[in-house]
Amino acid sequence: MQLVNGASYGMLLFLVAVGLSLILGLMGYVNMAHGAFVALGGYVGLAIAKSTGSFWLAILVGALVAGLVCAVLERVLLFRFKTHLTQVLGTFGIILIIIDATLIAWGGVPETMRMPAGLGQFVTILDARLPVYRLVLIVVGVLAFVALWWFQERTRYGAVVRAGLDDPQMVEAIGINVGLVSRIVFVCGACLAGAAGVLGGPIIGVNPLVPWDFLLLSMVVIVIGGLGSIRGAFAAALIVGVTDNVGRALVPQLAYFTLFGPMALLLVFRPSGLFGRR
Amino acid sequence: MRGLLVVLAALAIGLTAAAVLPVFYRTLLVQAAIWAMFCLSVDLLLGHAGLTSLGHAAFFGLGGYTAGILSARKLLAGGWLLETLVAVVVVAVFAAAVGLLVLRARGTYFMMVTLALAQILWGAAQVSRGLTGGDDGLRGIARPDIPLLSLLPGGNGYYYLVIVLVVVVFALVHLLHRSPFGYALNGLRQSETRMEALGYNVFLYKYLAFVISAVIAGFAGVLFVYYNQYTHPNSFSILTSAQVLLMAFVGGPGTLLGPGIGALAVIGVQDTLAAATERWQLPMGLFYIAVVLLMPRGVLEFVRDLARSAAQRKARLERAPDAAAEQG
Amino acid sequence: MVSFLQTTRLGRSFGGLRAVRDVALAVERGERRGIIGPNGAGKTTLFHLLSGHLKPTEGQIWFDGRDITRLAAHQRARTGLARSFQITNLLQEMTVLEMCVMAVYGRHGTPFAFLRPLLDHHPERARAEELLDTWGLRELRNAPIQALSYGDQRLLEIVVALAQDPQLILLDEPTAGLSQVESRQVIAAIKRLPHLTLVLIEHDLSVVFELVDSITVMNQGQELATGTPDTVRMDPRVQQVYLGELVEDVP
């Protein structure tokens, strides 16, 4: 049971972390505001779900809104932050603004999204009563991973991204616009994060702490999985999700400390992450 | 002995200010002083060794919580001095152990690992209700009571203690900056390869800087907890780490007075905003962005640039009538 | 009998690429050795292996009778092995004097010097000032290094290496990027160096022949030939590597 909980949470984490990891690997850009996309997706999705009753529409609109905001921010503001420190501080300012804006617009009362019809039950597999929704989440996460991996390894655009990760100057020299590709990756990452915000709605709810949780855990995921690696993000997200859940279930006192373990191991043996480039 | 005179002057100014300023400004001064010490520790790593720590709140919080727990739960008989000593030692040991791992991460990894570290401690503080009081924090922490200082006007001996301690730490760190150790840190920020080639064990220097920085941050955390007389997991939060980084940035990294100026500016802005609205984080976010865009090299450089362009404009205006006369 | 600086089967691979392989260098104390070879021959990689900035994937290095293969770069510097860099790698924000004192200090100093100001360390400072006087950089001693002309910076690279009280200096293309006049200045300085062991990478062949007792030619990561300047000049394999390019140019 805990494994399923952990794995499904890990899937959400993967969706959020993969965008952050790619943009960090591709452009060396530290985007602390990434959590804000989760919040935006979640709140907008919640509003849509309430007004139209359609969960799937909520996901779509949530993701799109997150992506749109990201695109606008990127054009107007984000590119102005040139050093790591200015990126950290500047994007931190952005996430403060956006989270407070959601508080002003929607209030801070924690809400839970209603489970989409038919997915709220339980199913019994191997003696364990497992929530269907969480199983669905795991499937969604795996599908997303496969889709992203396929895209990166098998398509031309993906090849550009891969090349950009390995050697941006070379790619520029060939004449491909790394900047444009990076911006697209940025926006897609934001869309995924927004979708995660909605998908997580039924199980973790929509509240002002969610973006922070995701942001910070995404950082742990990137440390463990490595920069710029989709496989790394997936593996690490699973590890973090499961470790955290299992840890909490077994020894509630330890909570976050369980994350120390994988991180410390990584740092000792592979300081660039499991699949890190650089 | 110019240095000694400067220190005495700073003490004199600080203590007088603490005595005569009205309450709002006095509390601002003391808060700024504590944050300035915290910022000093961050700047040691950032402006000198070139390491960006996104989780320095870990040490700030750890120092504060240790002292706070000892005080609130009345675990020690030695009073605030012993509590402070224990807190500082705990932070030092923690940093010494953790530093060996954390410093293996380079560049952006280092930033994220330090962030994760603070986050883990935050979680621990939240969860261990028995020890830390969880989300409510601990109350009933006694401020250090120094009979001698209480005699001074203003009624609050603790404020004077803070000023004295902060000035002393600043003086010691200034010595550090000018020592071979300090130069080595600056050197390794500019080129690790070169420093290795000169015979400097770069990892060891970073490690020492890390531990020293942690201890100073922890000490600031202790002062902070005594000031507020309660602890809260927010001491470990990313907001705290980001705020102290902003202070370092505003003041201008790598300078001695930078942390002080940065602390004063940011605390001033924050207190003003918090007094005006409950949703102060939004304008605070704008402040972050404004600072980063407008003052990339700190507020002093910004003011200097403003002064310079004002002077240039003035010079041009003064020349203009002559030019017009020549053409006419 | 082990030479002052000796390598046995020294090599370094990067994945599939063997940048340096099977190098057996033997430099005697007091000898001046030049290392030449076309671009990509592995000369700078060899230097990185010698100074400790790269770990070898095969082979060993001996210095002054000790096996230094496992020693880190900073440890090698403290045994008296100094180097200069091809791309100027000086501490731009420091003043000339400060960097020289740091160089002197690095040889024997300890990290635990937290309190006394750098410039108050009198023996180290005196030695640094003495060096700056000898090499004509006295007027520039309080100038930030980034304010120096490139020629002066290349000269400073050599002075900094000297400040480390070395027994052997690895000079990596000391005249790189310099004009004729500036090059002459640096060459004159190298000639004036006290009786030290010197290993020098240079691109300009006439400069090398002027400065060294013996030459090692490298090509494609391997040692092609070693001998006196005349022997090497006459070696047909060396001629082919260098002149082979020229022959192709003739229509």
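First chain written, first letter: the chains are A, B and C, and each begins at residue 1.
Following the convention adopted for this analysis, a residue touches a chain if its C-beta (ideal position, glycine included) is under 8 Å from a C-beta of that chain, and two chains touch if they have at least 3 such contacts.
For clarity, every value in this text was computed on a predicted model and none was experimentally measured.
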| item | value |
| --- | --- |
| Category of the chain touch graph - line, ring, star, complete, other | line |
| Central subunit by CA centre of mass proxy | B |
| Mean-CA-position distance for subunit B and subunit A (Å) | 32 |
| Centroid distance [mean C-alpha coordinates] between subunit C and subunit B, Å | 42 |
| Euclidean distance of C-alpha centroids - subunit A vs subunit C, Å | 49 |
| Of all residues in subunit C, the ones touching two or more other chains | none |
| In the complex, subunit C residues that touch subunit B | 51-53, 72-75, 77-78, 82-83, 85, 89-94, 98, 102-103, 105-107, 109, 111-119, 121, 160, 164 |
| Interface residues, subunit A side, partner subunit B - complex | 24, 28, 30, 32, 77, 80-81, 84-86, 88-90, 92-97, 99-101, 103-104, 212, 216, 219-220, 222-223, 227, 252-257, 259-260, 263-264, 267-268, 271-273 |
| Subunit A-facing residues of subunit B, complex | 46, 52, 54, 101-102, 104-109, 111-113, 115-116, 119-124, 126-128, 238, 242, 245-246, 249, 279, 281-282, 284-289, 291-293, 296 |
| Residue ranges of subunit B in contact with subunit C within the complex | 175-176, 178-184, 186-187, 190-191, 193-202, 204-205, 208 |
